[in-house]
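Listed below are the structures to be examined.
After this come two complexes, each holding chain A, first together with chain B and then together with chain C.
Now for the complex of A and B:
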């Protein structure tokens, strides 16, 4: 039996467990006052039986799925002739993969040796046996779990608390999974970055002023030995983010103020969704908008004023990124300004303050922590943004703060390092991980600062 | 069965009162009969063409309102109310919840303007000047008619900045020393200065509820208004803080005209000279506070102050 069928069977068993549990809870108290004699409602006993049937069996199923392939592979490889056994590991893997492909019907027998065909037959048998065994064991596990739960049902059993507890642990497991995933990503980036730093000193990376990661990936290639100074990328990233924030913060904040304080309900009901559509535009669309429309426009505008503007400028990328972030800043600020209690508005207006004075002197100070937090979140989004800068900002890692020149960012370089043919232990490839690690720390730092600012001002204002 | 009877007797009683103002004794006597607890909803019988009993109008009024109708969308919140507020008097507005007393109070300094669905009709004047006229500026109006709200609502700023807020926006102080003086005087008049003089730079939101409300009063009087509107200023306070505020109202009435909305009849009796009783958007009876609480002339007023509903 294949896994979806087993899963379906498991669901059916646990639903059966629910109904049996509910019925049994009613029968055990039938003689003594009915459902009132039970500690919990009958449905809680049902849930309990269902969960007892479902969870252990589900765990078994997951474990089986995790280890099935590797165990089967070990058995089949163990039976292959000694000549194959002595092959190097990578070739043996290739040999075995052909067996598996044949067993699945993906390749025809003409490409395989007789030994392989025989092994494939064996593999197929084992797989079928494993499927049957899996279905049997899982069903057995579910039935045993369900029966154990049914046996325990008694008027004094606190099924409600029991079920609540199980749910608590299930929720905990899910959140733990999210934390584990994050930790896994961070660690894998960290280890690869350490391998990079073994080849290129960390000081060269962190303080180097030149970025040209061209390295020969084959001995016969001619290329520079490469320099991995990360400063130009970082400056480029900050430059583009700064341009973006100069656009996004005033426009976003002021439109939020207009929407929350001045706009009529009708205007707001039209405008807010339209602005939120901006947030829904895929960044790749913004990207070619930046590269094909905004960048030439900026260049022509600059030239008409006698400035020399690169055809892919930080200004163009920053402008479009700013437009992309506007709805983000607006939506967050709008929520926060709306959260300032109406009594504050009344108090200020009741003193004879104008709307403008009320906004500047009362609402914005009260909403400041939230607004600053929102803006810092927007900054970390700008720093991590990739698609727009890949298309519009260019690739030349020039160390400059002139927004009219082409610059490059950390994310752009990660993309270019990993596109195309790679050698996985070359510093060029590993540099991507080091850049990723730095990017991760920068956004982490920004988030920490955001939290700190929010907390500091909250103490002052509440 | 009971309610139609109650309705009939009520409308006839109301009719009598309108026609014959001397019938108070009689009404009271007829009420001596065994009482059925009344439901506020039974009293919708005061027709649209009603007349306020007592003395809603006074000579030499500070503020006056004539034929006021207020609507929230389609719903009428106030029907045909005319009321004067005398100079340097404390007028209390009482009545069951939803009777329109707060709404009426807020029309006096146009706080209802900030509610989009609210529509106000009628004539209002402050010292003979039209409040809703086209030449009127809400900024100047609200500087003259200040407001203290039900829930203490100090700004999330320091105590000093809270009081200095109004003088700053109206440009009342020209230098730091003048501002210090205004702040100190306002806090003193709100009898809060002694308690906070060493912590003027601490946030106003850190004070106790009663102190916060006195801070709000100090904030309101810092711009030297002529009228102070108070919307249930003690409803969130304990009896001790309430007593402080009431003392304060008593002192303030020397210099200011005060209109106070309250749910506490004892409070109305203690602080006010005149009392107005509102019922379902209508102004039923206005009179000297003593008379309202000892010899109410309208049955609804009597039912309310004797605690039979509301």
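Now for the complex of A and C:
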């Protein structure tokens, strides 16, 4: 049976549990004054039976789904002839993928060898057997859970508290998912990055000045397979982010100051949402804009001034990224400036300072830590931004700080290394995870510092 | 005393006057900087939107050329009692080529013929095939039929290519321009609303490419995202606002949520690739995995906004419920959540809009395949609208530039609708 059917069966069993539980709670007190003798309402006993039937069986179903394919695959691969067993892992994977797609009916037998057809038949049988076993075990689990709950029903059973406790744990599990996600991110990138560092020494990666991973042509060439020096990527990332900041910080900060200190309420209520549209535009749209409109424009402009500009210049990508970040800087600085107490403003104005003197000599120095925190958050956004640079920045890693040349970034390299055909275990794909690890920790560090600075700043005025 | 102070005060007052003038000038300048900054933002937004609309709107029309087609059985190689299969396999391309040659009998050289055939779309033969399949009675008859124009010929008919430009700079050659002008003069060309764009999947030919598959993919992906992120996000927010004890574990959860909100989206893609595809072996390119990854990415947004909505529910509602004997859980689910729901929905819609526009993590899990058939479920290979935009943006043909912009317009249209809905809900919520 396929999973949706099993799931439906489970829901039906659980609903049945609800009605049985409710009825049983009524029958156990039938002779003792009816529902009044119960601790909780009859429906709570019903919920309890339903949950006991549902949750353990659902857990079993999820585990089964997660491990079914890999276990079945291992069984079938284990029975393949020795000649296939000895193939390198990637070729064996390809061989087996054909088996699976035949078993699913996606390809016809003409493309496969007899051994593969036999394996596919076996795989199909196993899949069917596993489906039946899954349905049986899940149903059994649900029935046992439901019966256990039904047996426990008695007038003194605190069913409502019991049900609410289960709910509280479920709510807790949902919020704990955030921790699991972080853990999953760290473990998945760390695990693959460690495998990368076993092949390429960490010092070569961190301090190497050359990045050209595309050179691994033959598998036996691993040691000589290109070079994985991370420095040019990091410099390229910082260069593009710096260009973005040069656009976003002055425009964003001045807009925030103008809107919060000078503009009328009406002007502000119209302007702010319009500027925030910039934040809602998907990054792929910015990428398209950067690659097809801004980059040629920058190139022509540069050439008319006698400069040689690469067609995928860091300037174009950075400029567009800056536009994207303007609303981000604006709303962060707006919050920060509004948090400065009015007494400081009024004191300065009362002394005869003009508004701009008040802003420059009182508000900005007071808000500086918060603004710096906001800018750090914006930098972390710029470093992690992917689509704009994938579409508008270059692929070749050049160690330069000239914004008119093409540079590449960490995120661009992750995408190029992982999109398309890939064999796992090659340093090329593993390198992407090492880059991901660096990216995760750099942005994490920036965020932690920024959030800390902003919080300290807020506390100061609360 | 007065008399001795008089001159000094006047000089200092003059100095003050002068400095005041300077200070006011500076004040005015500063205000102008502010206005300039706001204006810069507006200008950027305007250029961005104008650029996309101006590039994209021609994609919503499609050019057709009327061709007289003789459904000759011999040319098609069909006998009188041809089966449906034979009809499907017949040589319709040859039929089109012959019809075109008959329209322009002066064309004889090989290269000219080749150019002539490039006037109509590669999809025209399928159009004829479908017509004959629907009505086999057409065989043996002669009909005037509107065939879709090739994207290059179409772009000339739309006026995007100037006829007097250098032939080497454009795809439409002078000879083709001549033919197209003749056809236009004879009233044999027509511009229609481009329905193909909404009913076709991806294609290598710009005039046959459409966003249907991408729309289906986006729909299935968002469906998965919503059904995972919404219940989990709201539950997490309820727990953190209403039940969580003040302890280290709660702090840890809160710090994690705040940090996840700022993790680059591509890192979620790496997580999806390593965990869901490599470890759990879920299908690649499927909306299922895309939806899971996007839901993890939007969870922080939904949790943070839902918490704010729950926080803003007045305590008197809670106290009233608790006072009449409701349990904590009943209070939350019967009273607090219904009041907070508009706020929660606002946050969720914003989160969904984010997920709809996201593409980087989906590249990681292989949703970049070339897919022509619409997915029928969450485990079929699919692509989503932003990724389709990315793929088309990479194509060199001019026809794809306009398709890309048009797809962007559709995507932005959806985003505007979603955000407008969110703003509407927020406004209603504020009135309460």
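As a convention for this text, the second predicted complex is superposed on the first by the 234 of 462 C-alpha atoms of A that agree within 3 Å, B and C clash if a C-alpha of one lies under 4 Å from a C-alpha of the other, contacts with A are read in each partner's own complex, and residues count from 1 in each chain.
One rule holds for everything that comes next: a residue touches a chain if its C-beta (ideal position, glycine included) is under 8 Å from a C-beta of that chain, and two chains touch if they have at least 3 such contacts.
Bear in mind that the values here come from a model prediction, so they are computed numbers and not experimental data.
Looking at the shared chain after the overlay, A:357 reaches both chain B and chain C. Touch criterion met: A:439 reaches chain C, while chain B stays clear of it. By the document's definition of touching, of the two partners only chain B reaches A:365; chain C does not. Look at A:264: by the touch rule set out above, it reaches chain B but stays clear of chain C.
When the shared chain is aligned, chain C comes close enough to touch A:384, but chain B does not. Looking at the superposed arrangement, the partner reaching more residues of chain A, out of chain B and chain C, is C. Once the two complexes are laid over each other on the shared chain, residue contacts for A:244 go to neither chain B nor chain C.
When the two structures are aligned on the shared chain, A:255 is found in touch with chain C, with no touch to chain B. Chain A uses residues 354, 357 to touch chain B in one structure and chain C in the other. Those residues of chain B that touch chain A in the complex are listed here as 109, 111, 114, 116, 138-143, 146-147, 149, 151, 153-157, 165-166, 169-170, 203, 205, 216, 219-220, 223.
Interface residues of chain A, counted against chain B in their complex, comprise 264-265, 341, 343-354, 357, 361-362, 365-366, 460-462. Across the complex, chain A meets chain C through its residues 66, 69-70, 73, 160-161, 164, 167-168, 170-172, 174-179, 181-182, 184-185, 188-189, 191-192, 250-255, 257-259, 262-263, 271, 274-275, 277-278, 280-289, 291-293, 323, 326-327, 330, 354-357, 359, 377, 380-381, 383-387, 390-391, 411, 414-415, 418-420, 424, 432-433, 436, 439-440, 443-444, 447-448, 451. Listing the residues of chain C that touch chain A in their complex gives 23-24, 26-27, 30-31, 33-38, 40-42, 44-45, 48, 51-52, 55, 231-233, 235-240, 243-244, 252-253, 256-260, 262-268, 270-271, 273-275, 278, 280-281, 296, 299-300, 303, 327-329, 353, 356-360, 363-364, 366, 368, 386-387, 389-390, 393-394, 401, 404-405, 408, 411-412, 415, 419.
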